[in-house]
Amino acid sequence: MKRDVVVLLTKAPYGRVHVPEGLRAARGVAAGFDQHDVTVVFTGDGAYAARASVDREALNMPGHVADLREQGGEMVVDAAAMAERDVSPGEIADDVTVRSGDEVSTLVRDADCTLDF
Amino acid sequence: MKRDVVVLLTKAPYGRVHVPEGLRAARGVAAGFDQHDVTVVFTGDGAYAARASVDREALNMPGHVADLREQGGEMVVDAAAMAERDVSPGEIADDVTVRSGDEVSTLVRDADCTLDF
Amino acid sequence: MAHLGFLLTGGPFDSERWRTAYELGRAALDKGHEVTFFHYLDGALVPVEDQTFPDCSDTGLYDEMPTEKFQKLVAEGAELICCGLCVDARGIDASDDYPEGVEVGLLPDLADIIGEADRVISL
Amino acid sequence: MAHLGFLLTGGPFDSERWRTAYELGRAALDKGHEVTFFHYLDGALVPVEDQTFPDCSDTGLYDEMPTEKFQKLVAEGAELICCGLCVDARGIDASDDYPEGVEVGLLPDLADIIGEADRVISL
Amino acid sequence: MLYLIDEPMADIGLRTAAGDPDARVVLIQDGVFLSPDLDAEVYAVEKDVDVRGVDLPDEVERISYDALVDLIVEQEVKNFV
Amino acid sequence: MLYLIDEPMADIGLRTAAGDPDARVVLIQDGVFLSPDLDAEVYAVEKDVDVRGVDLPDEVERISYDALVDLIVEQEVKNFV
C-alpha cells in the first residue's frame, strides 16, 4: 500500500553518515514498488544540512537528492530547529522549503509513517 | 612516567558502554606499570551515573569501581553538570565526591592528561 | 494479528535501540504478531556472530549479546534483513559473519515493509 | 621529535573522530614525530579490512575508507593497537579481519602510552 | 496517536504530541528523564525507569513492553527514538 | 595550554579554558559552529569549517592540521572532543 512517509534527518551533517544515508533511504523508499510519497524534513542539528553553504559534494548528497526529486520527493526544513541554531531562512538551499515548527509537526502527525536518521 | 590522569565520563550511563568501559579504562590506567594517579569525573549526562539510585549491577560498574578504589583512584561528580540536570547532592552515591564546576575545571587543567568516554 | 516493522539504525554498543527493538519484537511475537526487522547503518553490526563480552551482569544490557537475542527472534519466525550496502561498508562478510536466517537485502525491502506493515517503528 | 599518543573511541560511521585522529597522525608523522594509536570501544571497528562504500565523493569523509588511511600511517611507522576486549566484544577475528601491522593489546598498553607520550589526544 | 519519545528527539517529539488532543506519549530509553508538560496520558517504559533509578511523577504511568505492543497495535505510532 | 573543543563537550571545555589566562582554544569538528565568548586566542580547524560552510567571526583564526600539530607539540593539550 502506498504511504505518506516522513524522513526526519536530525543529526549534524558532517562526520557521520546519517544525512547522506538518510537521503539514500528516502529515495529508496520513494522508488520502491509502492512508490511511497516521501517528504524529507531537516530538523534538530539536521537543519545545518539544509544550508546552501554546506559542501553537498563532500557529503555525497547530490545523487540522492536528484533521485529523490525525480521520484517526486520534497525536502523541507524545520524553522523551529533553525531558530534554535541561529540559521536564517536566507541561508537555506533553494531546493529546501522552510516550514514553521507547527507546519512540521502537522506534517509528521499526518504522515502514515516516520523514519529518522 | 607517572602522570595525573583525569577520566571524564560524559554520556548518560544506560544503553551504551561508555560509563562502564570508561571505568574499566580508568582502573586499567591506574593499574599499569606507571601506576598513574587517576580521578574519574562524572560530567555532562555522565552526572546521571553518579546517582545512588542507578542500578550499578546492571551497568557492570561494581568490579571496575572496586578495582579503581583499590588502586587509589577517586570518583568525583561535576556540580555544574548536576545543576543543569536537576540532580541534587543528596542523590549522589556515597563513594562519589561532589565538586563545584570551578573545582572540576581546575582538576582538569592541572591534570597531565585527560581521557573522555 | 498485526504486522510490526522495525527500522534499526543503532549498533550494539552506541545506544540501547537494539534492545528496545528486541524487547518490542519479543513481546509482539509472543502475542502472535508478525515481525520484520530492517537493519540499516550500524544496525548491520547487531547480528554479527561471535560477539563476546565477559563478566556482564545478568540484569544488564549485555546479559546476552545482541546477536544472540536476535537469533532467538529469527528462530521464532521474525524476519531480519540487513542493508547490503551497509554490510559492505562495514567489511562484514555476510556468509561468514551472520548466523543462519539473517538475510541481506536492499532499500526496496524497506519500502516493502513500509507498504505492508501495520506499524513501522524507527529506532 | 615528540611522541603523540591517540585514544580513539569513535567508530568509522558515527563521528569523524577517526578522521581527526588520522589527519593529526598524518601531519605528525610528516613532521617526524612518533605516533601511537590506541583504539578502544567502536574505535576497534576502524581498521577492519575490506570496507567498501561505493560512489563516495573525492572530497568527502570517505574518499578512502578509514581502514585504508590508517594502513598508510602504519606503513609509515605509526603504531596501532586495538583493545582486545573491544575486539572480542564486536566479533572481530583479529587475524582475519585486521590488516598486517595492526596489533591487539590491552589496557596496560594505554597506560604505557600515557606514561611515555609527550601528548595524549583523546578522540 | 501514540508517540514514542527518547531524549535526543524530545524537542520535535513533544512539540508534535502537544498539537494532538488524543496524544498518548511513551517516554523510552533516556526519555524517562524528561518531565513533559503535556495535557496527555504519559507512560514511561518500566525497564528503562528501573535501571536509571528515576522517580516518576504521579501522573506518569509505568508500562511494560508487553502492554506497549498492545498500545502500538491499537493505534498509529510516531517514533522519536 | 591548548584546548581542543567539539560541540558535545563544549560546556566543560569552554568553562575549563575560561579559567586559564594563557588558553588557546581550537574549535574542531562540529565545534566550529560554536561562538565562544572567551578572552583567548581562538582557532578553528579549516577543513571542518570549509565542509560545513561556516562564516567564522574575524577573531577566530583558521588553522590547518599541520599547524595544529605544531601547537600541540609546543604546549600541553586538553581534549574535549
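For clarity, chains are labelled A, B, C, D, E and F in written order, and residue numbers in each chain start from 1.
Going forward, a residue touches a chain if its C-beta (ideal position, glycine included) is under 8 Å from a C-beta of that chain, and two chains touch if they have at least 3 such contacts.
Keep in mind it's a predicted model, so treat the numbers as computed, not measured.
Student: Would you kindly say which chain has the C-alpha centre located farthest from the C-alpha centre of chain C?
Tutor: Checked the centroid distances; the maximum from chain C is F.
Student: On a CA-centroid basis, which chain has its centre farthest from chain B's?
Tutor: A
Student: For chain A and chain D, what's the span in angstrom between their mean Cα positions?
Tutor: 33
Student: I'd like the Å distance between the centres of chain A and chain C, where a centre is the mean of that chain's Cα atoms.
Tutor: Between these chains, centre-to-centre, one finds 25 Å.
Student: Between chain B and chain E, what is the gap in Å from one C-alpha centre to the other?
Tutor: Once rounded, the distance between the two centres reads 30 Å.
Student: In chain B, what residues contact two or more other chains?
Tutor: Chain B, residues with two or more chain partners: 14-15, 17, 55, 58-59, 114, 116.
Student: Using the touch rule from the top of the page, what residues of chain E touch 2 or more other chains?
Tutor: If we look for residues of chain E contacting two or more partner chains, we find 29, 51, 76, 79, 81.
Student: Can you list the chain D residues in contact with two or more other chains?
Tutor: 13-17, 41, 60, 85, 122
Student: Taking the top-of-page definition of touch, could you list the pairs of chains it picks out?
Tutor: A-C, A-D, A-E, A-F, B-C, B-D, B-E, B-F, C-D, C-E, D-F
Student: Hey, which residues of chain A end up touching chain D in the complex?
Tutor: On the chain A side, the touching residues are 14-17, 55, 57-60, 63.
Student: Touching residues of chain C toward chain D in the complex: what are they?
Tutor: 11-14, 41-42, 45, 48-54, 67, 85, 88-91, 93, 97
Student: For the complex, which residues does chain D have touching chain A?
Tutor: My answer: residues 13-17, 19, 55-57, 59-62.
Student: Mind pulling up the chain F residues that touch chain A in the complex?
Tutor: Contact set of chain F toward chain A: 7, 29-30, 33, 48, 50-55.
Student: Which part of chain A faces chain C closely enough to touch in the complex?
Tutor: 1-3, 5, 17-18, 21, 24-25, 28-34, 36, 113-117
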